[in-house]
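I have a structure I would like to understand better, so I am pasting it below and will then ask my questions one at a time.
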């Protein structure tokens, strides 16, 4: 496949993620949209790794696999973030019984 | 005898010492001690001046410059603190110290009612004045002259405001100083111009016949010279109370009367004449300025005379008369009669001091009353004063053979040869002079006493300390003119001219002499004398039987009484607009403009702060939106804006 | 001998610092006052010795001390004294005893902090005058400000906080701009042994800058100094600050700090940015002259004594700044001596004003009057000082103003024509002030005034003495600064 | 290397300490001991004593810059522990103390990584290791709704910016011909910036700007700093933030340094915006804590000048700035943490009540303003020097300077409150201090002055 | 059009539809489910590109673990009802427009890139295999791997600190 389709696909997912972050009020859904963004990056990285494999990295496949390793680390970090993030959301919920970010307005100006 | 000139420094130094002693120890010294010190130093100065005069009078004396130290040496400018001894300065020395001494003497009695410290303060001011005046005439360059020039202004200020509790007096003092400063402003600019063009302000460098810078200029009316002379003349206008800066002098009568006599009649106000006489060469080389000087002098003479006609304050009359006489002197200068002008300075010093002191004596006797409408018939009580005052009036009216006649006549003759119109107006002025002087005399000394009974009871002749100066000055007013007998009457009779000739020699060489014929001259003299006598008699007869009237004067008389409303005009045209301008600067430009701008920046920041913090509205959605917009912008800039 | 181990610039700098820090530890108000006075007198003695001490070469290298500071940057802690520096350190050293004596009767809360800060500000001022390295100069330039800021804000009048804060911001902004300028020049300066560039004054003097650069660098520098001086239209902080500050701080501000600006222009702008100077000289002179007239006009309608003096100071400084840019020896010499004169005179004025205010608690012209009857000695001193302020001949200011005018005249006569109008205006407001305060009759408030004590008499007498000595025989000062002036002018090929 | 390892290990130690150490005051001492070990190890590594000899495949490198910065960061943390140890123990009613310390050590690990990374992967990990514990610390005052809110905001936005950063990394990887994450390999020698790398670069700039709270990506900062417990605000506003800058400059200097001219515009815009917004917004704040939050944005603007300049002087300046800014802020926050009232009025009359606190607070504020004789001045000076040296966009320097003047406006409001105003009636002015605390503050102030007079003490080590 | 391309387009459409579903669903539970769809689609892409390891991990970690966690939380909070009141429409519009603009700008910018027409190798290459990646991970990437454990530790400590009831 030409790389541009992957790029466009990733960007589309990425931007849909951003739109979700911008338009939703539920903290959890926002968080899910962020996960969506991360996944689009993952997809793009893998696509790039395969692209480089047919180019500069043909002789040095590690250069190509670096990206896939990177994706792996992204997943790791995402997992860690999810655990923390959900913990925070729960804490918030416990105190306010809401996950609506519009109610997060004690701190302003 | 030769080294007496080297004692010249003592002449100003002694008054200075007197000033210091009287000023610093004013609380310790009693009045007699103060009197002795105050007058003594002036007497000593006078004696030294006299000795110097005798030496200077010797034939073959050339002007000497005695340097003391580097006064100002900054960059190109090198100005010494130096004294100039020549005929002109010596003559002035004599006038200043001589008349000055007499007035000091007079003051010892006149000011006796002051408290001891006040008395000492008064004498210290007087001494300081004499010191400054001496500095003015002795200085060997324009800077030293300027020091004296401002110094006398200061002393005048201090002495006018001597009774400092009185706000009107203070205002008068302030006015005098400020008007003088306006003149000084011109003087200063003149000095700068000189420094800049000639690189020096020393008389020797400028005027000495061998290689003086000015002496070597041959063109008439060079721009520089006209400019410099006009500026210097502005100084003279201020100091010598000419139109348009004369208004301070009548107000200056607020000071003690001896002060008026010394400063505002005999010495300080003639500084302008001295200065122009001193720089005669420059003026001679700029005929344009000469004409300006003559016109201003003449118009002042006649203008002030008209005002004097309707004044009722004894000192004010004399003050306007002084202004008018100074106008004559400038007329003389303007038409090239330098000797005549200086001559008139001298005689004027005698008779005007006399008149003022006489007026002082009258005021003293009247217990401070100055309005001549409330006087009258004083001649009976104050014989000495009356006689001396009478002599003074004759002298100033220009009736021969009193001193005023000779000096004024010399000026008028010169004016005639310059421009007949000058002469006619001059004679008219001199008639006016005669008229108002005799009006004054008549109203004061003749007729019936118009004051209160209590005042009448107290009327008495003044003590000797007052009388003696009057007598001496009266004597001088009579004979003073004899040093300048015109050529037509006596060969070599004009000793003053001979004495001063080295000073004016270069100018004389340049000025084309319109020697008028002897008959002509006699005719002129006769005309002026006769007119003066007629005016005097008319006035005297008219006013010796003066009766106070209640009705207000109207028409032109009112204008004259109000001094042509000059003060009011100045107030509306200059003072008020200027004040409004200042208020405008203060309130609008300073407060609202510049400060407003500065505070506005502060306020703007505060406002910006209040607005921009609204971006921080607490909504995560907004924040992220803002970030996205930021990304968009940055991205567009980076990728597309090339 | 002395110069070998410890030198005058160091002594002048560290002595006030050490005594100032010690002053903080003295809790007793009287003792700390005496300590401050003692310290300042010692500084004065040091400064007098430094004036007498000469080794022939007076310009720049004289007595120069240099310590390694930031070798990689090419900045060393180098200080020294030339003629101008010696004059101004003398002024600083002389002013402080006068200030302290003149205000000795005043009791300030937290006296230890007050006098400590006073001495620290002296240190800062000294530092500015002795700095021979741009960075050191900048350091002290700002440091001198801080103690004064605290003095004004802590012990000042009712509106002290906004007023002094305005002053602070003003000067802070401008000096930061100057810092940018310093850095820029530094980066153009020739390399030294240890570094690529150098902050040393000689390096700055040697730096070749393009005319265009010099133009905007000039603006950066000049704004900093113009604010300090202050030159119209950067002056609006000044009247408020003077009005609100405690008397000693006002004296420091107007007597010495103002000179920092003038000094800095002469030392750091003219020789470093000659072409920039030439480019802007006209504008600066026009501003200064306009400022003179403007400030004089405003002074006329002021009612507050302090504000009158403040505006009068603006007018006088305007002349100085105009004269500097006339760029000739006469004018510069005039500026030099006028720095000293103005410092002495204005401190005298403030002392008198403070004595009045301390006794009566007011300083409005409309409320005062007739003090001369009750306090003749005070009045005499004041009149003399006012006259000196008016530049009456034989007083010190006359010499300076005359030379400045004459020099400015060499540059362009029309400027002098306008500038010297202020000679008239100064008379107007000065005499008005004298009249309203001292003459006339007393009122219920001024009746209570008492004449000054011996201590204050001595203080004022010293000032008057200087007024006359410098007014009659200014030659020593001219000689002192001659070399500085000629060295600067060589930069302009004059 | 030892910094990463020891801090990680000590984090684990502290974590278990929470289980085994019952006495509530001891975690503090353990933490102090740990940080001292960390500091010593780091200094020893600086002098060539390696404890761990690990082949990192060039993914991290500890050069002088890193080590000097780490030393500064650890020293500041030490002071932070010493000053704030007691206050940390009070957060969240005294539960989980050793966990907090453990998290701080993990953050330090992240700091060490982000100051030593050589690949984008390590950068990513380092930033995340710094961030995740901070989300927790922000929310550590669990009952406090503000703390919760701050935490959630921080987390959401942080995660979002992580996404941006990763996208950027992906593009850079895809666009560069070497297919490498190693930042040195990105050196684009031929002087052109491929489009895709350019896009990635923008996104990296954005996400790094977010981490260092540069405008317009600063929005989290005021709210988070305000909402977080003051002690932790102190930590994240200083050491962590500065570490972000170190990472930022390290990344951009090694990777895109040679083609700086092609992306300098971005930095210029961000710098200017940061300076303006930070300073301007701080002016109006009434709460000192929030004001300091905005001022930290403003200070970030000044530090951005280092990125604008991107030369050796900029690095020196950044180190100095790190030290100066951290010391002053830590000191100020430590005082603030002990106060009852965070408004400016709370400082009224401090000069009379607590002279030592007052004078040290003044020194800190002067340093933040950038008055000579304090480290703040030398730091700003170096920054300006670096920026002018860069030679472009001089107006930015002048703009920065003008903004510094605005900063004087709000910093001096506190000084005015301290010295020139009387205590306000209805405000609780009580401050809980002891001698030790005062001495520590004096030491911090002393350090600031020392660095203000002799910046060489720190900067020279870069060339050791 | 070969099978790879068909699959590619199918998966792409699926992913985008899924993503739209995540954003568009009112009920959070549906969002989760849509997200899982996206993850599967992305895993499909990985398989297309022969990145088998990542495909598996994606399914296990994301779809299996993380999404379940999300579901748990949502259900714990009982948010399955339409708990979200209407959001400010302006903001919604602004958000959508901003996102679309971003997309547009990205695409416009990147279209000019040189790489656009390069081909990503499908199906072939063994770098995506577990064995290969494992070697790389434990040789070259051992440091990051270890360090990510710190990340996990901190996340764990954090979750405990935050989640623990007082």
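Read from first to last, the chains carry the letters A, B, C, D and E; within each, the first residue is number 1.
Here, a residue touches a chain if its C-beta (ideal position, glycine included) is under 8 Å from a C-beta of that chain, and two chains touch if they have at least 3 such contacts.
Model, not experiment: these values are computed from the prediction.
Visitor: Determine the shortest chain-contact distance, in steps, between subunit A and subunit C.
Guide: Steps on the shortest route: 2.
Visitor: By Cα centroids, which chain is closest to the centre of the whole protein?
Guide: Looking at where each chain's C-alpha mean falls, the closest to the middle is C.
Visitor: Farthest chain from subunit D, going by the mean of C-alpha atoms per chain?
Guide: B
Visitor: Would you mind checking which chain's C-alpha centre is most distant from the centre of subunit A?
Guide: B
Visitor: Of all chain pairs, which one counts the most C-beta contacts?
Guide: A-E
Visitor: Quick one: report the Å distance separating subunit A from subunit E, using the average Cα coordinate of each chain.
Guide: 6
Visitor: Centre to centre, by mean C-alpha position, how many angstrom separate subunit C and subunit D?
Guide: Centre separation, subunit C to subunit D: 42 Å.
Visitor: What's the distance between the Cα centroids of subunit C and subunit E, rounded to whole Å?
Guide: The mean C-alpha positions of subunit C and subunit E differ by 70 Å.
Visitor: Distance-wise, how many Å sit between the C-alpha centres of subunit A and subunit D, to the nearest whole number?
Guide: Here the centre of subunit D sits 26 Å away from the centre of subunit A.
Visitor: Taking each residue of subunit E in turn, which ones touch at least two of the other chains?
Guide: 91, 94-95, 98-99, 102, 106, 109-110, 115, 140-141, 144, 148, 151, 154-155, 158, 162
Visitor: Touching two or more other chains, which residues of subunit C qualify?
Guide: Where subunit C meets two or more other chains at a single residue, that happens at 169.
Visitor: So which stretches of subunit B touch two or more other chains?
Guide: 602, 613, 616, 618, 620-622, 624-625, 628-629, 631, 635, 639
Visitor: For this structure, enumerate the chain pairs that meet the touch criterion.
Guide: Those chain pairs which touch are A-B, A-D, A-E, B-C, B-D, B-E, C-D, D-E.
Visitor: Report the residues of subunit D in contact with subunit C in the complex, numbered from low to high.
Guide: Its residues touching subunit C are 366, 370-373, 377, 381, 384-385, 388-389, 394, 397-398, 401-402, 404-405, 408-409, 412, 416, 419-421, 454-456, 459-460, 463.
Visitor: Tell me, which parts of subunit B touch subunit D in their complex?
Guide: Touch residues, subunit B against subunit D: 602, 605-606, 608-610, 612-613, 615-616, 618, 620, 622-624, 626-627, 629-631, 633-635, 637-639, 641.
Visitor: Quick check: in the complex, which residue numbers of subunit B touch subunit E?
Guide: Within the complex, subunit B contacts subunit E at residues 621-622, 625, 628-629, 631-632, 635-636, 639-640.
Visitor: Help me check something: in the complex, which residues belonging to subunit C touch subunit B?
Guide: Result: residues 166, 169-170, 233, 235-237, 294, 297-298, 300-302, 328-334, 337, 370, 372-373, 376, 387, 392-394, 398-399, 402-403, 405-407, 409-410, 413, 416-417, 420-421, 423-424, 427-428, 431-432, 435, 438-441, 472-475, 478, 485 of subunit C touch subunit B.
Visitor: Once bound in the complex, which stretches of subunit A touch subunit D?
Guide: Answer in residue numbers: 3, 7, 10, 14, 17, 21, 27, 30-31, 34, 37-38, 40-41, 44-45, 47-48, 51-52, 55-57, 63-64, 66-67, 69-70, 73-74, 77, 80-81, 84-85, 88-89, 91-92, 95-96, 101, 104, 106-108.
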